[in-house]
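In order of appearance the chains are A, B and C, and numbering begins at 1 in each one.
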Amino acid sequence: MLGYVVRRLLGAIPTLFLVVTASFFLMRVAPGGPFDRERALEAKVLENLNRVFHLDKPLWEQYLRYLGNLARGDLGPSFIYRDFSVQELLASGLPISMQLGGLALLVALVFGCVLGCIAALRQNSWVDYGVVAVATFGITVPNFVVAPLLSLVFGVWLAMLPAGGWGGGSPANLVLPVITLALPQIAIVARLIRGSMIEALRSDHVRTARAYGLPARMIVIVHALRAACLPVVSYLGPAAAALLTGSVVVETIFGLPGIGRYFVQGALNRDYTLVMGTVIIIAVFVVVFNLIVDLLYALLDPRVRYD
Amino acid sequence: MTDLATNVSQPPAAGAAGRSLWATALMRLRRNKAAMASLVILLVYIFAGIFGPMLAPHDYARVYPDFVKVPASLEPYPRMDAVLPAAESTARRARLEARNIELDGNTLRLEATSRREIDPRVTRYFDRSDLFSNTHIVERSADGRSVLLESQVERYRFIFGTDANGRDLFARILISIRISLMIGALATGVALVIGVAYGATAGFLGGRIDNMMMRVVDILYALPFTFFAILLVVFFGRNVVLMFIAVGAVEWLDMARIVRGQTISLRRREFVQAAEALGVSAGGILRRHIIPNTLGPVIIYMTLLIPKVILLESFLSFLGLGVQEPLTSLGVLISEGARNMRAAPYMLLYPSLALTLLLFALNFLGDGLRDALDPKDR
Amino acid sequence: MKKTETIFDIRDIRVTFDTPDGEVEAVRGVNMHVNAGETVAVVGESGSGKSQIMMAAMGLLAANGRAEGSATYRGQELIGLPRDRLNRIRGARITMIFQEPMTSLDPLYTIGRQISEPLMVHGGLSASAARARALQLLELVHIPEPERRLKSYPHELSGGQRQRVMIAMALANNPDLLIADEPTTALDVTIQAEILGLLAELQRKLGMAILFITHDLAIVEAFADRVYVMQHGRVVEEGTTREIFTRPTKDYTRMLLAAEPEGRKPPVPESAPILLDANRVSVTFQAKGGLFSPGFELKAVREVTLSLRAGQTVGIVGESGSGKSTFGRALLQLLPCEGRVVYQGTPIHGLGRAAMRPYRRNLQMVFQDPYGSLSPRMTVGEIITEGLLVHEPQLSARERAQAATEALKEVGLDPAMRNRFPHEFSGGQRQRIAIARAVVLKPTVIVLDEPTSALDRSVQKQIIALLRRIQDAYDLSFIFISHDLAVVRALADYTIVMKAGQVVEEGATDEVFERPKSAYTRNLMEAAFNLKQVLSRQAEARA
């Protein structure tokens, strides 16, 4: 298994390389530069800045320089947050985004699985219709609607929870952002589990288990749920990668210092290094979680082999 | 189970014309109440998007400086008790001293005096306000220092209130719906064309070409989507149409995967082999056997892609990257609403409701279509 | 042993399914009983409701199914029994084995665990005791290397072994009654004989009653004491096996008994010209390797030689995995192959799609699966005339419709049906449509790949008659591929027996069937035609 993991990680290097290259050049061919302000800088100042950040060099040289630095683990300085390097920004923001995303993921898994199972076991009952309606609601209502509404209702009108802010990561400040992040995931997980569970409950081998008088609880948990989890596992790979790398909407509305915002701000301000840094982080997460998914899958399903 | 399946799949045959799978699916869809309700809602939205802005009482770009952030109400503005103070203050602005103000229905009579001779053009002060129109001087004293003015009180309904600039929210929501639907259709169309062509080619050719084509898709998947969207905005500026052609060009990845998977599984089916044994050309197989059979999943995915694209547009607009003023979109309205939610919560509620309802209808319709076209889930 | 004690008694049972097209009555009032230790068979064609009776009695109906009436086990009513009380009976006193050994076992758990579960639930055994018992059971059903197999997953076993595992599971708690629902239908004939032999042996050892559901009368004759014959949800006849087979009283039963394909095809004269000549044809499948894993090769067909004369029918028989279908496709250049294939003096092997097109009209194919081989979104008329679009593009739409009408008449279908869609037809009708599609082109050779295997015997017989008729009418030559020896004997005048991609034996059909030379062919013939003898010989060998 270790060999497999190593092989997979090595196999991801070309993909990452392509992602880095593609985003590097895409960023650079976009019009505008990091020092464009509403009021243009003096030519002299601009020239100096460009020289300091090597922006006056030919593009391929900048690219090679970036790759060289990257190989040494140096993501370079940020252009808009002048006093910080990209590493520092990511190091301070990533734990916050991961904390929020991780909690949301956990909430989504627990609630999604429970709701999905209940709906599947009571298929075509009111409980089932209720869960399906709630799930459709969760998938439909966008997070930039949910976030301000939650903030309005619980933060402003009821004044039960802080309407925003990180507050040093105190639990009260986490509640609303985590709910916002988890809601659509709960809905998707519940729907996936419901669908695959219904299919599993109808499968021949569950019929066998019933024909052999196994208790209902054992049939559901041992024989149906494990098979029903498989599609959720494959969904959760990319979903977890996206959740853990921060959400620009949630971080903006609740005023949280995660890395989700860096990405949008960086791209809008042509902060090349910051954008590259976040792109690399996201791509690494995607690769790692795809690997985790495949390992989990092989663990759950003996028909799948590592090779 | 097998016994039953063969029993049920053969309804008593009557008449010479057969019922195609499409006709059967349509029948199933008709029985699905949620999907039919969604279809009605969607039609209302389409109607509202096309004709709404023409029929709406207010232009979406018209600014009413006297009615900034007025709350949603079925009562017309101005309120009765607000007319007299407003008339007084307007008179003051015109350097008139209001003596006697009467309101008779929608007609305002105002006797005013001034220390100097009154210029007949004072009426403009009144007409300039959103409240009054058609102001004219009924009587003028000989010395010209006192006049009797008559003016029509303009009354407006803002059933969803007005925004921070004094524009009618209802009209703005209507124009947003037009933009959202247009963008949804446009981007989905682009995604459909690219995705189907790419996926079908990869799946049909197979082998090394397929491997390479899918590798490209994998790499595009690894690039964060927001990154793309933002870059596109940067490239195309704020040109909504171009941008959404571009968004469609990004959203085709899933479509390509679905179509490829379908094509590969169809190629293994015996009816395709049977066509090959008949000597049917590759084009004929694609046209008669592969494409009609991938259509079901493609339609399902398409109905689910439209809300996705609408959501994306709203999201970009929310970030301030979408359409430009004075045009607007639901995302812009929601983001404005979120900024003003403490003072004017209706500015958040109505656009949110409009967007949610639209997405709901599209999702339910998509689910209904899936159940109808692919009934094994039931 | 008290043979007369009734342990399982079904009284006026009805099963109804709620479907989108209204209620469907699958079982319409059936009475049957099983005595201790006896073997009862329920026979019927597909759609007769025979499986649904057992599902109803065991509380296994699909969610849209409803059972009325009574089913008692030793006086205990099963219909409507609360689940926890029903669970004390099913899996312990009454057990079941199913048709699909592939899907009836949970793919995610080991064999050992799945056999242990009912032991622990019903017998209250500890995990280690259950495991020890599971090992015994695997030995009982003659699974080689039982110790290792306990840790295997279902996908690592062959179909026959999986069915043995199911049987081991069924016997775990020494049941009173074993319900076997078409347990050998998905298996090759030789494996079928082994499984039936095993069941008979275990019944002698353990003394349980067996209720055997099948469509295959040969099995009934070899295996059962008493028979119920079912049609359209009703029992039409019942009696001892001897009675039913010697003095059937109902027409339906007589029809079933006579459904075995009859007749022989006389050989063609030596002088008949050779139409299709295949010389040392091999097909190799390349399994693609990943980035780090090497690919491998699978030789599905190894140097098979065949020549087909005008008017001849060459039968190719073999069990699953013998490469017979692959060979048929390779002959028509639907798969890349090595070796020579010559059609009327012209080599056609390796021809490209376009170069092959003119020959396609003469070389047609009919596939096994009547559900899968018709394009679901085309009308029957379009399906039948698709070949004309390719080979006679000058025809007008009217002329094509005319051709479709004639072809439908030819295969015995109402021409008015040509605007219908395939899903509106039964399996036999669909196979007629597939034959019409081939015939409309007026070919000289048709490769028939298991065209009757998915059909009930009675429908099979009609299709065989149809094939005979069109062969005479159009002077056709057939290559008939099938695992069903009875059908091949009735249709082919020359037979090739294949195993693992190679020809084991070939010759005139009579020779191969009456005097098989190779041991493999002999086994095959016995398992197919002399099941009873095979079983009794097995019993003697074990005794």
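Some points to look at:
Assume contacts are C-beta pairs under 8 Å (C-beta built on N, C-alpha and C of every residue); 3 or more make two chains touch, one makes a residue touch a chain.
Chain identities (UniProt): A = Oligopeptide ABC transporter permease OppB; B = Oligopeptide transport system permease protein OppC; C = ABC transporter ATP-binding protein.
Only a predicted model underlies this, so the values are computations on that prediction, with no experimental measurement involved.
Looking at contacts between chains, the pair that accounts for the most C-beta pairs is B-C. If each chain is reduced to the average of its C-alpha atoms, the one that sits nearest the average of all protein C-alpha atoms is A. Centre-to-centre, using mean CA coordinates, chain A is 49 Å away from chain C.
Per-chain CA centroids place chain B at a distance of 56 Å from chain C. Separating the centre of chain A from that of chain B, both taken as means of CA atoms, is a distance of 28 Å.
Annotation for chain C: residues 62 touch two or more other chains.
The residues of chain A lying in touch with chain B in their complex are 15-16, 18-19, 22-23, 26-27, 30-32, 136-137, 139-142, 144-145, 147-149, 151-152, 156, 195, 198, 248-249, 253, 263-264, 267-268, 275, 278-279, 282-283, 286-287. Interface residues of chain C facing chain B in the complex, by the touch rule stated above, are 17, 19-21, 24, 26, 46-52, 62, 99, 329, 332, 334, 353-354, 356-358, 360-361, 363-365, 367-369, 372-380, 382, 386-387, 389-391, 416-417, 419-421, 423-427, 434, 437, 441.
Taken together, the chain A residues at the contact with chain C in this complex read 7, 11, 123-124, 202-216, 218, 222-223, 226-227, 300-303, 307. Interface residues of chain B facing chain A in the complex, by the touch rule stated above, are 218-219, 221-224, 226-227, 230-231, 234-235, 307, 311, 314-315, 318-319, 321, 331, 334-335, 337-338, 341-342, 345, 348, 352, 355-356, 359-360, 363-364, 367, 377. Interface residues of chain C, counted against chain A in their complex, comprise 58-60, 62-63, 83-84, 86-92, 95-96, 98, 100, 103-109, 117-118, 121-122, 153, 155, 166, 169, 290-293.
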